[in-house]
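Below are the structure tokens for one structure; questions will follow.
Lettered A, B and C in written order, each chain numbered from 1.
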Amino acid sequence: MAKVEQRRGVSDETLREFFREMLLIRRFEEKVEERFRAGELPGFLHVAIGQEAVAVGVCRALADGDVIASTHRAHGHTLAKGTHPNELMAELYGKLEGCSHGYGGSMHLYDVERGNLGANAVVGGGLPAIVGAALAFKLRGEPRVAVAFFGDGATNIGTFHESLNLAQLWQVPAVFVCEDNHWAESTPESQHSPIRDLSKRAEAFGMKSIKVDGQDVEEVNKVAARALKHARDGKGPVFLLCETERLVGHYIGDPQVYRDKDELHRLEETADPLELLREKLGLSDTEYESLDREVQDLVDASVEFAKNGTDPKPEDALKNVYA
Amino acid sequence: MPELSYREAVRDALSRAMRQDEDVFIMGEDIAEMGGSMGVTQGMLDEFGPDRVRNTPISEMAIVGSGIGAAMQGMRPVVEVMYEDFLTISMEQIVNQAAKHRYMSGGQLKVPLTIRTQGGAGWSPGAQHAQQVVFASTPGDVRGLLWSAIYDDNPVIFFEHRTLYGLKEELAEEIEPIPIGQARVHRQGEDVTVVATGRLVHESLAAAEEAEQQGVSVEVVDPRTLQPLDEDTIVDSVKKTNRCVIAHEAVTRMGFGAEVAAVVQHQAFDWLDAPVERVGAKFTPLPFAPVMEEYVVPHAKDVLAAIQKTVQRDGAS
Amino acid sequence: MANEVKLPRLGQGMESGTIVKWLKAEGDQVEKGEPLYELDTDKVTQEVEAEASGVLLKITVAEGEADVGTTIAVIGEQGEDVSAIEGEAAQPVAEAEQEEGSPGPARELERERGREATASEQITEIREPAQGNGAGARIKASPLARRIARERGIELGSLKGTGPEGRVVAEDVERAAAGAPTQPAAPAPAAAPPGEFERVPLTSVRRTIARRLTEAWQAPAFQIAMSADMTRAQELHDRLVERVKEGEAKPTVTDILTKACAAALMRHRAVNALWAEDAIELHPNANVGIAVAIEAGLVVPVIHQAERLSIAELAAARADIVTRARDNKLRQEDLDGGTFTISNLGMFGVEQFVAVLNPPQAAILAVGAIDPKAVPTETGFESRPLMTLTLTCDHRSLDGATAADFLRTVKAFLEEPGLML
């Protein structure tokens, strides 16, 4: 009872939905790992295990018409933005039924109808386009916001600085979501950034900056809602720094030789956003298992769907080069 | 018929597009009050206001990238990169993003972006990695082609030549759009085909006059679009004359001319009576001292020498 | 239900790994997530966790390299029967290379030599006539010059190139091709002296004919003859005529004959030849001359590359040159380049005749009228439309056997036109 009174804004029911959403992402990513290890998935894959709360918290705060651009670690954002697991899995299997129709793969997931302007294999590659989209919204007077996801590693690249500078200068409705998981592949933050507090980077451009615990989906959601409102009201772009944890390697199969295994285990025990929310909600085992089975079924079905999908014809490679 | 300079022709195309179409806007460094470093956008700030004629910071990646973003939302931005040398800064956005969004999304996105830049031109990485690359050499061509570029749904890199900005031509009242990918035969001839771009079109025409005096009849063809290349016009011409010279301002090695030479060699192999000659800049960066620059950059006399080489005889007939 | 432990793919491009050490033994209890064995990939040695809980019933691959996907162990319930699940034996590291794949160096060398041999054979066949060039010397000629030379049947090696570094250019070939002797001017006819006979001065055409045929007489010639049953050829002719549209030339049996000869010439290249004093020139195209009787005498315009033309096209070409021959409108190029000649006196009622060679061609075919003749069959005699084919050959270029083979083919084509396809 006391718990309910303390929370404001996000109801238990909504939190349950968040939990289900996050659990879906978790099980999806675990399945992707499994299928990759079985040799069924081509290419490189980067799963978002540990970062589910940021994806769900932010995406569930978006309005219709808002757009996102993501990174190489895009499955969570893509699912949270509304792409059906079937279409996502089919894309990973390289099928025509995939959201990018087999042309993109894990790092180029697009779902334009649902406002997903694409995952990006180039670190920081999608940021300038988000500034451009926000500019278009402003010029046309549309109440839409453009949201970019990126990691702490990306705050070092030129496009990050140019984009934040331009966005703040032109006061466009953009939100820059930094998923600070303290690693740029195998390089710890201490080795890639001379400052600890990355929000200072946004402040350097005079941009409004908010910090949040990225493993607390409720907090993320509330803070994201504030940031979106700020931008939507024409008050300028916002930098949202989410402290989160990557509970897996950089890519599937990464043995993480560069990482302290004890520290990793500790994080798994204490910083798993699913466990944290499960506890906060006080979910019973029965409830948990029921939800788990539900999402697991969805995930298993998506693999079936993908495997039964249509392979593109080789000549399809020549299509879609020009509009 | 009004006489417009190359510069005015560019401005004319931009202005008319912006007058008829809210979605067209321009941005770049110093294009507002100053009217652009080459004076191309002079007066446009007054007519269209700062929202649609936007000065940008020195951020080529963000300039091009935000152009991409606005284009993906259905606008038709025309961004200016002040010097073609700076295109290399925005290469990542052009090559990895603009050129590939449509493809990687499986056809979900369009990027109707036009990137204008100027310099000596003939930028080969562009033709390889970007979608469309246009390079007009006359006021009429530049106006008609820019119009087509703005209204093309694919990204276009649009080169202008610095030394041609003052070139004047009588143009029609209405803009006559020129299709992207269509070459133009400036001068008909029987003995040699010279394929030239930009400033070298004019140098080649001068060389052709000279060659005529020497009894060699030269045909001058301007591809106008580097990518996609109008192979048919070029190959038909070479099949007629049996000899080919390619002239461009960019460095010869691995330049645009190498691609044209390969196409010509492949499609007109049995029609060639002499090896294909290429005229271009020497393989050095551009030096400062005028006497050195003169040496590095190609001129009419170099085109003439190449023409002569194709008709050269050692043994008397 | 027993769980097969398979070797996982731990990175893109990983095809196999080497099991270094098992951390659990057969019979041990295993929990999901517990380290089960150590695996050596190309990059690193790492612990691999168990994906299921249970008893490690069987280790099927104890040590060594295994492919991704191979079953290396089984986890299940105590007492389960897993004898059916056999693992593949671990392959010893560094297995012998497959037999397929790149052939050994010796084989490559052989192939190279084979290629060279074929190539030099071809070059020899073409080069032999033009020995003036020096065996094996590379001729410098532009692609255009080569093409024109090929088309006109001119030997590059015999030309002097005026292009840079002595390269033969198109102009050089064109000049050589146009080097046909000009017609001598027609002398004014002298007034006939008084007397019993009329003295007809020679026209240039007559003079030419006289000169050339005298030349021909110097060649040691022989003739071979066959008869062809023209039933099918006539059927084909009738059908073709049915299909002729307004304005198109009506095909004749001569057209079919031209087609048959052209096709046969392509199969018997030795007959498509010209005598060149110190060599025999074998030509790539059948440029078939048709002997046409005109007022001034005899003229032989040529249908070039007849083998490429359909019967309809041949009819059109034949009609054109015959018309122009009779109108005296033939051009030099109509008369040049012939490699074979057909002379048909059938329309004059001639049954069979021997034509005089048309030098320097290796052969000329004389054709008589199509007459019904009695032909023995199994049941008696039948009337068949037969046509005589008499081939006169230059024995310097051709031997009897070769000529007979050729004529047999022509006969076969006429008797069964479908064979020409």
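Some observations on this one:
Convention: a contact is a pair of C-beta atoms (placed from the backbone, for glycine too) under 8 Å apart; a residue touches a chain by one contact, two chains touch by 3 or more.
Keep in mind the model is a prediction, meaning the values are calculated, not measured.
The greatest number of inter-chain C-beta pairs in contact is found between A-B.
Among the remaining chains, the Cα-based centre furthest from that of subunit A is the centre of C.
With centres computed from Cα atoms alone, the innermost chain of the structure is B. Between the CA-based centres of subunit A and subunit C the separation comes to 64 Å, rounded to the whole angstrom. Distance from the subunit B centre to the subunit C centre is 46 Å, each centre being the mean of its Cα atoms.
Spacing of subunit A relative to subunit B, judged by their CA centroids, is 41 angstrom. Chain contact summary for the complex, subunit A toward subunit B: residues 98-104, 108, 110-113, 117-118, 120-122, 125-137, 139-140, 146, 158-159, 162-163, 165-166, 169-170, 319-323.
Listed in rising order, the residues of subunit C touching subunit B in the complex are 142-147, 160-166, 169-172, 175. Considering their complex, residues 25, 51-52, 54, 56-57, 59, 61-62, 64-75, 77, 92-93, 96-97, 101-112, 131, 153-154 of subunit B touch subunit A. Considering their complex, residues 6, 8-12, 14, 43-44, 46, 68-69 of subunit C touch subunit A.
Against subunit C, in their complex, subunit B makes its touches with residues 242, 269-274, 309, 312-317.
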